[in-house]
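Note that chain A is present in both complexes that follow, paired respectively with chain B and with chain C.
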Partner chain A sequence: MTAAVETLNLIIAAHLRNASPVWGERVRSVSTVEASLVRPYVHFFIASELNEKILVRKRHTRIALSVKGVAENLGEALQMQGLLADLLDDSGQNDINARLPAHPDWAVLSVTQGRAIILDDFFKNAVMIYHRGHQFEILMEEK
Partner chain B sequence: MATPKVTMDISKLELLIQKEPEKVATWLDGFAEEIVTNIKLSMGTSPPGAEYTRGGVTHVASQPGHPPNPDIDDLRSSIKWERDGEHKRVISDGVEHGIMMEDGTEHVAPRPFMKPEFDAAQQRIEQDAKDKLGLENI
Partner chain C sequence: MSVQNSNNAYLRFGSTQLQGYWTEQLNFEETADTEDTSAGAGRTHIAREPKLVDNKMDFLVIYDDVTIAQYVQTLRAGVKDTLIWGPEGNASGKPRFEGSMILTSTKYTQSVDKKKHSFTLSFVQGDTPVATISGGDTFA
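Let's look at the complex of A and B:
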């Protein structure tokens, strides 16, 4: 895992944790999610990471971050999808509504909402679990 | 607040599409084929993950965050590109669990295999078009 990814994980977790009573503190990255986690919860993970050549003197990274709400109720999953989009879309420091926490090493320049995540998870005839969210394109710059 | 504005000169590409639409279509076919090939080649490149045995055959899964390792090969063999109009190509897989690998479920951690290659392709498409369509010479 690169430093940019580690930093982004910290920023996203801090921003989303307790941002809504729907999920409370139950916000987990792929490496921290535990089997006993109670639904509904927020789950996020890196879908891709590429170096971006913008300025020679500064390092930039473009990351695709998938963020989804996981719930047993479709209405709740859709509500989480909307809340997560409100919390994250255009939240970078160069965006129209900057609101992500600052970090001493990396700046999140832009956050752009991408494709929707729509997945109905029916595991071994157990309860239906709904995954709803979005993929976000995130541009980061090393300070 | 300044309003960001991006201006792109696509006049040469538009001219080429008007003059030689089949040349552009053929290049797009090739680019789509390259993406499909790269996605397939990425499967099996993960460091070894969990090991499980099913029907007497042992399979070593990929690690979460890496493309899946082929097991019975239904996902990898189902990935294809199709023409959707003259200058649009659609790349997809044909199995139900493809999206489960890409986005993860409660019981299977995500193993993105489409998005990494799509992003890499986004970075090289401009140069590829310049090189293979000869845009500099129009």
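Let's look at the complex of A and C:
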């Protein structure tokens, strides 16, 4: 059985890749992002994972997933933040607008938008890089 | 020996096993009220005798959209049937409660902040139990 975090990585990548012409196929998890990746791109990573005991004989896990757009101008980063929220908030199978790809091992029950990610950092040659996105609270259930 | 912290409960009401849908916790209470039997002049203290023993139980059952059809008929208030509970499962020799109980309340909760949906089932004793934990009864 695939681990919940690995399953979520696959689902999120499949859902976001080419979902917008702003970033095209440039959607990367923390372990796959390459230094040469052209901005703008989408970057996501697991912030935390906690086992949640709901039923005796079924595993549930609650994951905090950070998803952000990385761009060289603030307007584009903010646009990506909005697009990513549109694509992910309330996208679980028990939510009001289920739309995530299915997986044979785990079901994503709910996706809830949480705190915003706001990060500006200087890159080489004093280029400013803007990170904008949200942390999403995700509840998963083993099938 | 081992101090019990297990969640390996066995739960059946009527013909429906519920332990697969049980969530959070269950509460069982065996009680005996008392009767003031003080009598006579010159007494300085109250005397009491125990009244009849009563049993109550409540537990929560999850709303599972795939399997709810298998147990939803069990959630109807006003039904009197046999409730069997084994705090360590239902293997031979494990403690057993079994008795006629009445489901007096089915309370359902749903919240806008995406907490799990569950039914709170409350039971009162319908008749003298067939088997009790405190009586040392076990599964055959």
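In this text, the second predicted complex is superposed on the first by the 139 of 143 C-alpha atoms of A that agree within 3 Å, B and C clash if a C-alpha of one lies under 4 Å from a C-alpha of the other, contacts with A are read in each partner's own complex, and residues count from 1 in each chain.
Methods note: contacts are C-beta pairs under 8 Å (C-beta built on N, C-alpha and C of every residue); 3 or more make two chains touch, one makes a residue touch a chain.
It should be emphasised that the depicted structure is a prediction, and the values quoted were computed from it without experimental measurement.
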item	value
Partner chain(s) touched by A:Val30 [first = chain B, second = chain C, both, neither]	first
Partner chain(s) touched by A:Met128 [first = chain B, second = chain C, both, neither]	neither
Chain C versus chain B, contacts on chain A by residue	B
Touching partner for A:Ala102 - first (chain B), second (chain C), both, neither	neither
Contacts of A:His43 with chain B and chain C, given as first, second, both or neither	first
Partner chain in contact with A:Thr112 - chain B first, chain C second, else both or neither	second
Partner chain in contact with A:Leu74 - chain B first, chain C second, else both or neither	neither
Partner chain in contact with A:Leu55 - chain B first, chain C second, else both or neither	second
Residues of chain A at both interfaces, chain B in one complex, chain C in the other	none
Contact set on chain A toward chain C in their complex	53-57, 94-95, 110, 112, 139
Complex contact set, residues of chain B against chain A	1, 64-65, 99-100, 102-107, 109-110, 112, 115-116, 118-120, 123
Interface residues, chain A side, partner chain B - complex	30, 43, 45-48, 50, 62, 64, 66, 68, 70, 96, 117, 119, 121, 123, 129, 131, 135
Interface residues, chain C side, partner chain A - complex	7-9, 19-23, 62, 65, 114, 116
